[in-house]
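Look for chain A in each of the two complexes below; its partner is chain B in the first and chain C in the second.
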Partner chain A sequence: MKFSLAVYSAPHSSQAAASALRFARALLREGHQLYRVFFYCDGVHNGSSLSAPPQDETDLLAGWQALQQQHQLDLVVCIAAAQRRGVLSDSEASRLEKPAANLAAGFELAGLGQLADAVAQSDRLVTFGG
Partner chain B sequence: MSLHIVSKSPFSSTALSDCLDAFAEGDALLLIEDGVYALSGRMSERPAVQPVYCLAADAAARGLQIPDSVTAVDDAGWVALCAEHNPVVSWFK
Partner chain C sequence: MTKRILALCRQAPYGNALAREGLEAVLAAAAMDQVADLLFCGDGVFQLLPEQSPAGIGQKSLQRNLQALPLFGVEQAYVCTKSLAQRGLDLEALSQGQLPLVPVDDSAALIATYDSVLSF
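This part shows the complex of A and B:
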């Protein structure tokens, strides 16, 4: 079965972002497909390459990147939500004349249409928020 | 039939009561994250709806016992519930 996930929560602000990664791992382990993960609202912080959690805590970014590499996942960060919160790709940083870019490798910026497309193309959308 | 996933404690959020208001015959309820605290309150003896599932790891992390009326599931069981139900509705406000 084809799943997509929508992640609305920043890492470490609640358990939701960690639950999303855990669910993504579980569904792939069970042989399902993950069509897209769409990071929206505060969830865009999951795509920041600058997060540096303590070594004895879960590194969600490393978890997403490893899963992305292993399964060629489509990890999409909402571009409008990301600009507001300071998650920028190289091209967005230079276009907006900002001093640095921080979008993590394995993630890409795109519009909300990609969430609508994920809903249309997937059998299930599971949302993680709060 | 819908799978309702509640991830907030009934002691800090209306997520569970809002969900129960929308619960229809044939639906299922899954408690995850702080939603498992419902096991220490209104779900502990006689659940308002059936069937009720609970993520075992999230209950164990909070030191909560899962009563006989609630079915414990692992991560694979969580995925299976999502595959068996459509749509999957998350309650977190």
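This part shows the complex of A and C:
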């Protein structure tokens, strides 16, 4: 079955972001397809390369990046929600004249159309957080 | 076959960004010819109250987003009557703008008729 996930919660604030990662791993392990993960609202913070949790806590960013490399996942961060919350790619940071960029490797910024497309293309959309 | 999509609007209008960003997602999908139906439930029914003036707390009004829905092909919105009753509201108390509101007693039955559900 073809899945897409929508993630609305920041990492380390609620269990939702961690549950999304575990659900993604589980469905891929079961042989399902993951069409896209769309990070929206506070979920855009999952795409920040600057998170640095203590060593005895789960590093969600490393988890997403490992899964992305292994399965060539489409990890999309909503560009409008990300601009509001300070998650910027190199090109957005220079366009908006901000001092730094922090979009993590393996993630990309794109518009809300990618959420609509994920709904259209997937058998199931599963939402985490909000 | 085009999928039937329902967007749940569950959040009060200014306490959580999901209220605004949910409506923005609905409008973006509609601009791509994927028109979702809307169901206002839980605290989401507060989004429909008239005469909101959120400028006092430094917020933009959601009413403009709601009024834009018909321009994008959203012809009506469902409202959960249980959620209204729990909050001491009725349909007459809500803003009757260009978006006709349809009361729904059994939200679960309505949700079950859709192919995909966006939850905001």
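As a working rule, the second predicted complex is superposed on the first by the 129 of 130 C-alpha atoms of A that agree within 3 Å, B and C clash if a C-alpha of one lies under 4 Å from a C-alpha of the other, contacts with A are read in each partner's own complex, and residues count from 1 in each chain.
Just so we're on the same page, contacts are C-beta pairs under 8 Å (C-beta built on N, C-alpha and C of every residue); 3 or more make two chains touch, one makes a residue touch a chain.
Fair warning: this is a prediction, and the values are worked out from it, not measured in the lab.
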| item | value |
| --- | --- |
| First, second, both or neither for A:His71, with chain B first and chain C second | neither |
| Touched partner set for A:Gly130, first chain B, second chain C, both or neither | both |
| Partner chain in contact with A:Ala116 - chain B first, chain C second, else both or neither | second |
| Partner chain in contact with A:Lys98 - chain B first, chain C second, else both or neither | neither |
| Touching partner for A:Ser14 - first (chain B), second (chain C), both, neither | first |
| Which of chain B and chain C A:Phe3 touches, first, second, both or neither | first |
| Which superposed partner A:Arg22 touches (first chain B, second chain C, both, neither) | first |
| Interface residues of chain A shared between complexes with chain B and chain C | 8, 125, 127, 130 |
| Residue ranges of chain C touching chain A (in the complex, touch as defined) | 3, 5, 10-11, 16-18, 21, 24-25, 28-29, 31-32, 34, 116-120 |
| In the complex, chain B residues that touch chain A | 5, 7-8, 13, 15, 32-34, 58, 75-76, 78-80, 82-83, 86-88, 90, 92-93 |
| Chain B contact footprint on chain A (complex, rising order) | 1, 3, 8, 14-16, 19, 22-23, 25-27, 29-30, 32, 123-130 |
| Chain A residues within the chain C interface of the complex | 6, 8, 40-42, 80-81, 84, 111-113, 115-117, 119-120, 122, 125, 127, 130 |
